[in-house]
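Labels run A, B, C and D following the written order; every chain starts at residue 1.
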Amino acid sequence: MIRVAICGASGYAGIELIRILARHPEVELVALTSSRWEGRSARDAVGVGGAVGRLRFRSSVEATPDAVFLATPAEFSLEEAPRWVERGALAIDLSDAFRHDDRAVYGLTEIARERLRGARFIANPGCYPTASQLPLIPLVEAGLLGEGPLILDAKSGSSGAGRRLDDSLLFSELMDNHYPYRVGTHRHVPEIERGLGRAVVFTPHLLPTRRGLLVSAYAPLATGASAAACHALLAERYRDEPFVQLFESGEREIGIASVVGTPLCRISVSPIEKLGIVQIFSVIDNLLKGAASQAVQNFNAALGIEETTGLS
Amino acid sequence: MIRVAICGASGYAGIELIRILARHPEVELVALTSSRWEGRSARDAVGVGGAVGRLRFRSSVEATPDAVFLATPAEFSLEEAPRWVERGALAIDLSDAFRHDDRAVYGLTEIARERLRGARFIANPGCYPTASQLPLIPLVEAGLLGEGPLILDAKSGSSGAGRRLDDSLLFSELMDNHYPYRVGTHRHVPEIERGLGRAVVFTPHLLPTRRGLLVSAYAPLATGASAAACHALLAERYRDEPFVQLFESGEREIGIASVVGTPLCRISVSPIEKLGIVQIFSVIDNLLKGAASQAVQNFNAALGIEETTGLS
Amino acid sequence: MIRVAICGASGYAGIELIRILARHPEVELVALTSSRWEGRSARDAVGVGGAVGRLRFRSSVEATPDAVFLATPAEFSLEEAPRWVERGALAIDLSDAFRHDDRAVYGLTEIARERLRGARFIANPGCYPTASQLPLIPLVEAGLLGEGPLILDAKSGSSGAGRRLDDSLLFSELMDNHYPYRVGTHRHVPEIERGLGRAVVFTPHLLPTRRGLLVSAYAPLATGASAAACHALLAERYRDEPFVQLFESGEREIGIASVVGTPLCRISVSPIEKLGIVQIFSVIDNLLKGAASQAVQNFNAALGIEETTGLS
Amino acid sequence: MIRVAICGASGYAGIELIRILARHPEVELVALTSSRWEGRSARDAVGVGGAVGRLRFRSSVEATPDAVFLATPAEFSLEEAPRWVERGALAIDLSDAFRHDDRAVYGLTEIARERLRGARFIANPGCYPTASQLPLIPLVEAGLLGEGPLILDAKSGSSGAGRRLDDSLLFSELMDNHYPYRVGTHRHVPEIERGLGRAVVFTPHLLPTRRGLLVSAYAPLATGASAAACHALLAERYRDEPFVQLFESGEREIGIASVVGTPLCRISVSPIEKLGIVQIFSVIDNLLKGAASQAVQNFNAALGIEETTGLS
């Protein structure tokens, strides 16, 4: 059994990590940290049963486990993650502290699988970057996208913002509401642009849902390229991927509700081109494929465990 | 007092018409038609009090009133609206039956005000076209937009679809969900393109809210144009408009919740340009500025009544 | 024109007061106080137009107006409300600071109308007490209720809790959730018990909605009394009330959505008795009949203005 | 491997059965029936991967499997379930067709475990009866409840009503809404009363959520009994149950969100007695402990498989 600790285990991504790792057959959860829930049991706080349910949240991890998931703020991760690596643990950091740092492997699993094998330090991608890059990186690499602005209109539920006590995140303020935020300045933009190797116009909007994230991409086609070619390329690229599903011109098939609670990314390519634009939609659960389940995929990939273990 | 009938008064836009016209000081509501609610009183069905509350829904309008609002399906309007015009009533049709028909004035109030004065037949704009055209028509006319794809990523609550018994509109299917629909084929596209005089990529998405509609426009700037110039032009154009409010780079100020229940259109222009694109956001209540309140604005404009009457 | 100030005008009830009083034909709004929004205009913050839209939120009211609405925390009201009364203004306090204080008239309008005429200091009832007392006081007074526990199972949207930055009021925590709170200890219990003259078991539950409040009352019938007699009594009692509507055995007719945005209280009495119990349901908009619109009803009643003015 | 078929697999409970049984280590899913989705794959419709994802929905089950779950309307189950039993399959029916029929074991797992062992025909309890009976049956049996009305005020999300095309279940009608329904006449009443051996006042209310169900019970205490005694009895009774969790006077701990997506029933007993009443709250996911997960618990119990298999 691989002995695993979760730091920041009472955050929304941390809770999902507990739920996934509690049923992972090769994992023994040995420590959960949280200042908010210090002293409470996992059973009471999160509802999990068995031995994990008897674990209590602590302020810190004492002995060095085999692997540490950090679902902590970037400032905390920045200090702590390298320490765990030095002590010999596999560190998987869910913050954006190391996503542009060569010490860590950037863990967009389906794209980075080769580099993940044997890795000891993994920077887990952000939620928006995951949903943006999975459909677009293959198209960019194949030369199917042309010049002209690449526009990403993104929508996400509230849990992406964490459990911050901010007026804008109150139920009374967000319920029945919807609006763009951090227009032109979201901190995920450099991560997306680095992954795609080109500039993008990326605009996130807040949805009145807890979970789920949709990216609507408006991408200029290269000369001679077509929506059909984009669809065919993605179908070929992701044919054997257990957690990427491709649809033709989906509506409800690619609704966020179709992926919430799952480790999936669903993608559709609209067959209708207009003004040289192809429309590509991708949806994920921001807390799973956009955070916790992708972290466990990376954990499995790094340790040579079957990648779907604990996730199917 | 102007004697007014509402056809299709039990639909979502029809109900809003009842509420607005019940408090319009120059209107006497004389007839409400509905097959769904035939025989019920307006008080029981809609909660309005006074004389209007005692009106009962009927299957048809008997005597010819001074004005008729048709909140009916397009097929019904197509037959009925011209008949009311022939009989001498002012007809205001909320369907899309006459939006491309020269017999009717296309009632985007702030743009068409001159043509509305004295009109006897008005085609009320659609909800998506209203929110799309109000910010963009002045920019197109001023030459501030350049070549390249004009992209409209639109999001609307469920009431825009009416009270149709469709599996996709069930609470259990739409709650916590969000997805694009009728990609590239929405029936509002020609209406928007006619108003703007250019092709657009328009993609609607369904929001898990009852009301409210946001259009996120990604518009190519003309050479020498800037986001600041776009903002200045709209500020000037709409300075004295009671129902159009301009914001600088809004987030919650242009959330759909800020306009639901109001006759307003709120617009913001992001000051950040990137890749030659200016981002413009506009929000309305799809049932009010996108339907019922704009219809009453048009009624007031046609009859020479102060335009905000019944709406402020 | 009656010169009116609103203290605490950026709270949820305060915002509703602005909207109502902005269209009240006998009121001139002269001051709005708020620490949160100090310096902002009412147009930007709340969307109202005209002269009221140009009012700015200030930290305090300077000149003494004719009337002051206090939508402020109880501690603030406790000090301020009596001062305004001393200075000769009509004071209407929406907090619970004076609901048990003989200096103020307890303003459950339909019950207290006689005492309100000419009043200079009014304690506006709480939201739960309003919905609880309107159907039950007439039944208690008529002797239709018997011994045995009177159970009030109440459900309310989040806005009743105000805009507090509390973890439990975050969107991510309340969305898709529902639970009882302050079981047996809610501060509204003494207010309800005083109004009814008997002890009650009152249990509030939080709904995942912004507005709306339902009280499901399970009341023991007196010997010889019946559900039909209860219905008949309430029908007689409220026949001419503009803002109380009685239904027979309602379902959707008494859904909270049927009263949100209105000054109404809707009541139904189930005709089915079982185990000696009659079930009575009442719904209000907690921010309107449970706060702002009832305050304006009381204002009108105190000053001898037609009670529905500004509200219909 | 136990070969299993699911009839009515495209209903909300049926979909949950697919998800659970797809990861049950001793089950091979061999057939899914659905008229709605006939011909579609489970991967496209439900998102499950692997071999189950390649199963297609069919109109009927051909070969006789080892076990059949019927998530079908009662009329269908009434005919089909006994046929499967005759052919030698274990039949677990989720409708209410056999809940009062001695041929089938009534599968409230924690109460009926002894009778379930080796059973060949199981009637799965309804969602409201499950949440009502789990806390109350032990109290009734221990004589802790006294005379006087036992009141159950219940609240459930929309998925309990299935995917019916009914006007009241449209998103635009239910969103932001809440109301009682079938007051005094709900078809679950006899099932609850049979389980408790006494009459109840049971009133369901519709919540604007997809899932989750709360029962607020107001129960008269027997002479000498106390809330503390009720809590102690339930703590003892359910101490070793993996899927029943007891809380002291919970609020958010017993919110419906704490059990949605889990096979749990969470219960709290308020320590505050008033007017001789003890308040007991219980929450479940209506589609899991109220349907699919309890059905799999029963399947496991009948076949002598560890009861939490596939569920933890």
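Quick note on the criterion: contacts are C-beta pairs under 8 Å (C-beta built on N, C-alpha and C of every residue); 3 or more make two chains touch, one makes a residue touch a chain.
Because the structure is a prediction, the values reported are computed rather than measured.
The minimal number of chain-to-chain contact steps leading from chain A to chain C is 1. Contact with both chain A and chain B is made by C, D. Chain centres here are Cα means. That of chain B falls 45 Å from that of chain D.
Taking each chain's centre as the average of its CA atoms, chain C and chain D sit 38 Å apart.
As a whole-number value, the distance joining the C-alpha centres of chain A and chain D reads 33 Å. The set of chain B residues that touch two or more partner chains comprises 173, 175-176, 208-210.
Chain contacts here are complete: no pair of chains fails to touch.
Touching chain B in their complex are the following residues of chain D: 12, 158-159, 161, 163, 165-167, 169-176, 208-210. Across the interface of their complex, chain C is touched by residues 22-23, 43-44, 47, 49-50, 176, 242-243, 245, 247, 253, 258-259, 261-262, 264, 266, 308, 312 of chain B. Interface residues of chain C facing chain D in the complex, by the touch rule stated above, are 148-151, 153, 155, 168, 173, 175-185, 199-201, 203, 205, 207-212, 214, 216, 218, 220, 249-252, 254-257, 260, 270, 272, 274-277, 279, 281, 283.
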